[in-house]
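Labels run A, B, C and D following the written order; every chain starts at residue 1.
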Amino acid sequence: MTSDTTLNIDTAILTDWINRYANQISDNKAYLTELDAEIGDADHGINMQHGFEAVQQRLPGFAGEPLSVFFKNIGMTLLSKVGGASGPLYGTLFLRMGMASAGKSTLTPIEFAEALAVGVEGIRQRGSARPGDKTMVDALTPAVLALHHALEHGATLCAALQAAAAAGEAGMKATISMQAYKGRASYLGPRSIGHQDPGATSAYLLIKSAAETFCPAEQATR
Amino acid sequence: MTSDTTLNIDTAILTDWINRYANQISDNKAYLTELDAEIGDADHGINMQHGFEAVQQRLPGFAGEPLSVFFKNIGMTLLSKVGGASGPLYGTLFLRMGMASAGKSTLTPIEFAEALAVGVEGIRQRGSARPGDKTMVDALTPAVLALHHALEHGATLCAALQAAAAAGEAGMKATISMQAYKGRASYLGPRSIGHQDPGATSAYLLIKSAAETFCPAEQATR
Amino acid sequence: MKKLINNPSIVVEEAMLGMARAHPHLLRAYFDPNYIVRADAPRPGKVGVLSGGGSGHEPMHGGFVGAGMLDAACPGRIFTSPTPDQIEAASHAIHGGAGILFIVKNYTGDILNFDIAAELCQASGIDVATLLIHDDVAVQDSLYTAGRRGVGVTVFAEKICGAAAEAGAPLERVAAIGRKVGQQGRSMGMALTSCIVPAVGRPTFVLQEDEMEIGVGIHGEPGRERVALQTADEITDILVATIFDDLPFRRGSRVIAMVNGMGGTPLIELYIIFRRLARLCDDRNITISRNLIGNYVTSLEMAGCSITLLEADDELLHLWDAPVHTAALHW
Amino acid sequence: MKKLINNPSIVVEEAMLGMARAHPHLLRAYFDPNYIVRADAPRPGKVGVLSGGGSGHEPMHGGFVGAGMLDAACPGRIFTSPTPDQIEAASHAIHGGAGILFIVKNYTGDILNFDIAAELCQASGIDVATLLIHDDVAVQDSLYTAGRRGVGVTVFAEKICGAAAEAGAPLERVAAIGRKVGQQGRSMGMALTSCIVPAVGRPTFVLQEDEMEIGVGIHGEPGRERVALQTADEITDILVATIFDDLPFRRGSRVIAMVNGMGGTPLIELYIIFRRLARLCDDRNITISRNLIGNYVTSLEMAGCSITLLEADDELLHLWDAPVHTAALHW
């Protein structure tokens, strides 16, 4: 595998990504809500669907904009439409990706990975959750690390995102056996053990949808 | 059959009657309440049990009294313990039986039948229900008529009360097909049809328990 | 049966003890016979206003005892009217020499027990007038039946008669104002679920997930008809249409409106109902001058609601606005 | 799902319309972004008191908007914290130049959204202080967790801070009084049944006929443990023991007590609970100086209750007694 360092990631393909993710959120709305019913308040799917439906409606209008505006618009939409814990957290992810893309209209794969890492770091700061606290951070942190690692070792963006998705999925599954120390699930104490974190699940879907977007159709089978 | 016109009905045997009835109310508490749930407010068995439990506790103290006091004490106990529609109605029955027994310490069968008729007339006055309105009156009226008719034709009190119970039972069953025009069931309008009236049921039991009390054990099989 | 109780047979007494502890400045509770009187009873020279009925409708009636509303409440067992001795004892406790108004909901049991109590009171020299409330338009009215149930208008009558008595009106006047309230008020209710009488332990009736009862009373009795579950707006339309047609409420009139929860209905839903009710009144050019939204005349944990409208003139609005200091109504 | 609603996705907006129609003298409702402000906002020179959170807890918070309590409430979707733009818009609508106190229940979502709103307000020159309420003793507290949920004490904080602001206290003082309330108040709740989030349509958890959840919050989340159903007295003992031990409440102290219904619990049951609570306080020589008994911080139609105790000194009692004119609290 060789890195496609010359790939230009623009708002068109990013729009595809977000659209694909929005569809997956919609498809998994009941599932995410069910996970949240077990250790939370049964609204994560509803919250995310509400926000990404609004994003999806506005996306065509964001497409021409510089990347900083594109990401910021997504972030602001999530901030004002999602509510709950996930709204400000996913909102921050995209707001920070926008800051990290200042002055650019396209990103290279490495720049994209870096923007994503900055966004995830934003989530960690906002929510002050550490890995192991049973949150979305447990899916995002290994995903971002795997993405960087693969790109640094010359993988294509497609392959690197597939590795990231695999790491995110493993992180998501690892939340099952964790006790929650942050978010609503923490109120359950030890009773939170044995349930998969809803936010980690929606976070894994975000990486997975990126992999599907950036991989040629025949590769996007995982 | 020859009439036992010389039988002296005293507070001892009347105490047996009321005790027997109280036990039957207790045994049928759930059944009466169930009937009341269908066309009323699910409390007839509870109300009656509450009242007759109090009567039963106090009965030993009533036994020595003149009949007017004996019946009045039962009536006042029902009045202050039953509540609902049935409390004042059954209370009135016994208060009036007490008035009809003024100055007596025993009753002949005919006098007993007359006192009962006065009591039932009291219920009709208090509640202004007419036969066919789907109330306890529909069991009591035919029972009292049958009792008189049998005694006048020379039947023993046992036989006359058995005839009265049979008439009361028929009257009770006749309430099934009636539409209620009095009491809580009347709010249901035509929906009250098809259900047996709880008060008619407790009224039938009152006559039935009298028959069982005044019949020698081997005859009391019905 | 899932209830926060200790023993079904002492639910009423334990709740009365709780009320007495919670509101010593408003009321006192007495037991065997059971009744609640306002803390400063008897008020010499004031007409006493007394109501009562089966328990399970809280805050009615005990929650309405206090200055400007009821002088006494006589709670029966759950859904069972009180007995004459309760009513008689409470009457003696509040009698200030100016007579007593009994506010009685039209149920055979209530009528009979209050009638006997009135006879007893009158025999001991207390002047008694009885105000019968029968406002439930779900019930067909006729000379040959028990007539209509008393439901939501009871709250309005207790507030307004209480204000009139507090203002010093004599018994006949307080009763006459109460009759006006009775004539000008109408209610109708519905249920999404049944309630469970504690001593019974099972729901009085069973409704499927897609069913509701229209025209229920407040004792867990079945309603006028069982129909498919509908939206809040459609339900409001059904309830209000029956009420509007009955009086009828005139265009241009002013009303006091109550959207009442049956005990298990969240407040957020009652506001959705009120929103529709307000629109329907707009359409008829009827002004909602005052309103109550919440649990006032309940049926234990039943989910459902009722709507009550009272056509109000200046006199009734003035009495409505008079101060009231009770556990459940306070202004 | 049996609810008096039209459409799960507009429950909050329709209820807000109902509130606005019902209480025009108390409040106004705004939409997109959604918020409720008191009718006479902004009050120049007065600290604004603003709260908000997910809907489904009615009357909290909209029912507490009015003179002497909240200047604004920001309702999120059912059980979902509001978004920063709602909070920012409401802040601008009530800003009278003396700054704004945000009363925030300790949930990650609420904290994050209010934090962002505070940044936005401060950027446009509005002074903001945040009061965090975390009174639920069912939750283990620790530096490494999200800490305790905010529940019943929120009502006390809103009333008391509202009174302080109404009396003209500056922002820092209103916030300090609120912190005192937070330090001295504790709550614990339990559930007999789950609630149903309208957009979900099924109960969040399922309890058998003989089970209850101890230590539940107000979002239909499961509690600390699931145990066998017990009597009202036993349940009260469990809730109160945990509360007493936590602060701890001292012998001889005075408290404001709330027995709060979760939305589907009949009032008669809450009085039974209060009766036991009063006895437990007697045993500890703790005086219940004021009380609230009813539905104040609900969880849709959940059956269950919570108990809140606030150790109150003269200052807090004085502010508690100050006049309040809102839809749900009025004296």
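As a working rule, a contact is a pair of C-beta atoms (placed from the backbone, for glycine too) under 8 Å apart; a residue touches a chain by one contact, two chains touch by 3 or more.
Given the structure is predicted, the values throughout are model-derived calculations rather than measurements.
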Partner chains shared by chain B and chain C (touch criterion as defined above): none
Rounded Å distance between chain B and chain D, as computed from the means of their C-alpha atoms: 56
Mean-CA-position distance for chain B and chain A (Å): 77
Inter-chain centre distance, chain C versus chain D - centres from mean C-alpha coordinates, in Å: 29
Multi-chain contact residues (two or more partners), chain B: none
Two or more partner chains touched - positions in chain D: none
Chain contact topology (line, ring, star, complete or other): line
Pairwise chain contacts, counting only pairs that touch as defined: A-D, B-C, C-D
List of chain C residues in touch with chain D within their complex: 1-7, 11-12, 14-19, 21-22, 55-56, 58-59, 63, 192-193, 207, 209, 212, 229, 231-233, 235, 263-275, 278, 288, 291, 293, 295, 298, 300-301, 303-305, 327, 330-331
Chain A residues touching chain D - in the complex, by the definition given at the top: 33, 37-43, 46-47, 50, 79-89, 126-127, 181-184, 186-189, 191
Residues of chain C defined as touching chain B within the complex: 33, 54, 76-85, 107-109, 112-113, 115-116, 136, 138-140, 144-146, 149, 197, 199-200, 204-205, 217, 219-222, 224-225
